[in-house]
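Below, subunit A partners subunit B and then partners subunit C, in two separate complexes.
Now for the complex of A and B:
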């Protein structure tokens, strides 16, 4: 009997192999739970998303891979095909053009391509799409501002250093960050509660 | 709510209703009792057992004279019909179910299919499919073929009567078909809509997603992939009084089909010689 759990596990391993190259990565939210993942997409260079890291919430439905993974931007983003309020995404392969031949990685790579090439004629956010078409310069500025405000994550080393500077030993900082999936605030809280 | 929203809501409700009707039908119906030529007998049988024979087809097609007129020619060549759910997967489901049904009792065929299935993974990765997304399907097809002689006819009908495992076999049909098309793009490109610039985009739009109906290139591809002779009887609104027969796959012109299907515009079902 085929199980999607095995497949999701394999997909994660495959995705990890070339995340430097693709600029997309994916992790489990909770250890051992293959139904809830977080993806990260590097903003494509030469676009108003350059320099940003965009987090995507990924739910794996029970009937995966026959149903697409449910994806939504966690990081706020100014883009015609993404709701600026909820992060909901309008992309055909996440809807009726999904097929089991696709993977979580290919879906994230398609999202990355959508960042490079918005499709304002099939918008998720009508206001953003209108701005994209009517006032391209304002759009560019707004999108860059959102990228810089919401999507710049410090690198892991920087985060470790920042917390260490508060007086915690490095090994405990690294362990706390690992347990909280790199969430700086949660890691700090954990360290404080343990202190 | 503006007018657009209202229209969208109406369309969504309509879609949900259609989906409900489609899903109320079995994925794979029971095989019809052998055709009984005496029309009175047929009616009695139909009333008593509600078997889905040609009588049920006649009922479904009632009112479209050009279709109904062709049923006797079908009855003269075939003994029964098995209805298959009209969910856009009917060609693949019909083909794959019938293939397993025939191979269950034909060991030589089963061995031949196993040889093909065991080569599927390299055949498909060769045209760009990722092992991680297709191996569950190729593995399950091989496993099912290996254990097929231990399944009863009823086991097979139960397997194909439920979502879940059977979807793996049905989608493998789509995958094999797409793989075959991608191996011979020059041969098939002239027969696909011009809006597709290459075979990869055609397959990812029209073959790989579940629920997409099959056209002639897909039928030819799947027949040739498995090296099975497929005989399709077309029942349509033409002036003829008989169905027209189209044969795909290997074999002499007058050889019988390994798999026989009935096609009416938009829908495939299994028929039995």
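Now for the complex of A and C:
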């Protein structure tokens, strides 16, 4: 719908202005398609998500801004209010507390705040929430491990080195990574199936 | 249809298929050849190629008019258009054109004939009689009239010369486009005129003999397009006063609506403060008299303006311009200019982020709410909380209220809360 596309466009411009300050950024998935975006959230410092960059899949419904944007974590994250399997998020403003006064940026900033202040009493992932309440230390360690494993964007060299260390020849690792667009796991799978 | 060079005498035979599916048998042949072939009978068919070439050559040189033969229905249909058919055949004979072209031309004539037949059956015989022969006469007449006017005044001419755009300048140098629509029966029937002027144009066509109309002034003696333009110019004079006032406002104030005014629009909506504007409408007869004023925006911001307006209205001075009067009545130094700081950066609607509601979004909005014709395209629905005073398009706010279960609906008003400050807000539904 033309109006809403205009609004999304405006929001993207606004968001780009203070990316550094807020630590959230939004990009179009496909050029010219304002219904599908990807957001990136910097893990808040002082939490077990520090140092991680979390990708969020954003779908703009046709009736936006009367309906909230549909958001889902693409990056795997260990958090009581986010499904560790699907990335589904439990946040009131993405559901019934949405208002047109909110924007994609404010929603992402709210997600960032949710990372620093989990809400275990209203969980999305019961298992994670139980661990958060019963064994805070284990939770801390798991969340940090998940952050380091899934949410750090390793440079290409590091990835190549890591796979080479597993005993694959370097040229094949580079080729596999190129074919899978740098997806480490997919490349590894490919190498294993080839072997 | 397919016209095939059938016989050795150079005739073309085939069927003509009209658009309505009717088919007619036709034979196109050179008139004198026809007679000859009757005379020589079968002998023609056996002639050598050499003879045929000679014959062809002779025919070319002779350039005799061809003749169209057809079945009884076709003959009857084309009888009124015989001149045109002969003309077409002759043209083709002279150019030795492609049979396909001839076919196209013949089809065109046939379509005309068929149309005439339909018109006749509807009892419009008179109009039909002109149809075929008219275009040429019509076009040459129009060209002559344009020449009298001067081609430099013509902005656009349609391919059939029935629609013209004429550029006309008024006394103050404003450029106007006069759209002239000429009927097929011009100049017997008057041309219809359209232009962006505040009142409907009913300039009589002066080109033709229009019985029963008395001449009004000296302009009337000039006929044709030039006469029309002169009369139009005359007419423009009556709007000079009101246009001068509007131009003055356009130049010195931020006009929110209309965005791109043409000369027919006599209202202006002028920004006064954040979410606060006044809409004025001028009259053609007395442009400088006290104008119709309507204040729009949040009550808190409007209050002072309204008070001043009521207090000072008596001092309105007809000798001064509307802008000067408005400024004095509203006790302003000047109108705020576009993007001025005091207006804030929140002129746009808090829901769709547009200042002007896009017209393409009007008919059906997200929640299927129908926009009302009276709805403003500007964010006029302002939150009454003076600390918030966020503006929304009535359509946008209504759509949002409709999606909330907590909205109350009483008569034609919806009560909900502001999407920004959550304070109470209402919007009319009708």
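The definition used in the following text is that the second predicted complex is superposed on the first by the 151 of 195 C-alpha atoms of A that agree within 3 Å, B and C clash if a C-alpha of one lies under 4 Å from a C-alpha of the other, contacts with A are read in each partner's own complex, and residues count from 1 in each chain.
By our rule, contacts are C-beta pairs under 8 Å (C-beta built on N, C-alpha and C of every residue); 3 or more make two chains touch, one makes a residue touch a chain.
Note that the structure is a prediction, hence the values are computed from the model and not measured.
Enquirer: Using the superposition on subunit A, tell me whether subunit B and subunit C clash or fit.
Expert: clash
Enquirer: Check the residue A:133 against both partner chains and state whether it touches subunit B (first), subunit C (second), both, or neither.
Expert: neither
Enquirer: Looking at A:28 after the superposition, I want to know if it touches subunit B, subunit C, both of them or none. Which is it: first, second, both, neither?
Expert: neither
Enquirer: Could you look at A:97 and tell me whether it touches subunit B, subunit C, both or neither (first, second, both, neither)?
Expert: Touch status of A:97: first partner only.
Enquirer: Report for A:62: first if it touches subunit B alone, second if subunit C alone, otherwise both or neither.
Expert: second
Enquirer: Kindly classify A:74 by the partners it touches after superposition: subunit B alone (first), subunit C alone (second), both, or neither?
Expert: Neither subunit B nor subunit C is touched by A:74.
Enquirer: Is A:10 contacted by the first partner subunit B, the second partner subunit C, both or neither?
Expert: Both: A:10 reaches subunit B and subunit C.
Enquirer: Between 7-15, 25-33, 133-141 or 187-195, which subunit B stretch has C-alpha clashes with subunit C?
Expert: The listed stretch with clashing C-alpha atoms is 133-141.
Enquirer: Which subunit A residues lie in the overlap of the subunit B contact set and the subunit C contact set?
Expert: On subunit A, the overlap between the subunit B and subunit C contacts is residues 1-2, 6-7, 10-11, 63, 65-66, 99-101.
Enquirer: Residue numbers of subunit A touching subunit B in their complex, please.
Expert: Against subunit B, the touching part of subunit A is residues 1-2, 6-7, 10-11, 14, 63, 65-66, 96-103.
Enquirer: Would you tell me which residues of subunit A are touching subunit C in their complex?
Expert: Touching subunit C from subunit A are residues 1-4, 6-7, 10-11, 62-67, 99-101.
Enquirer: Which positions of subunit C touch subunit A when the two form their complex?
Expert: Touching subunit A: residues 350-354, 357-358, 360-361, 366-367, 396, 399-400, 403, 419-420 of subunit C.
Enquirer: Give the list of subunit B residues in touch with subunit A in this complex.
Expert: 129-130, 132-134, 136-137, 139-140, 163, 165, 167-168, 171, 174-175, 178, 204-205, 208-211
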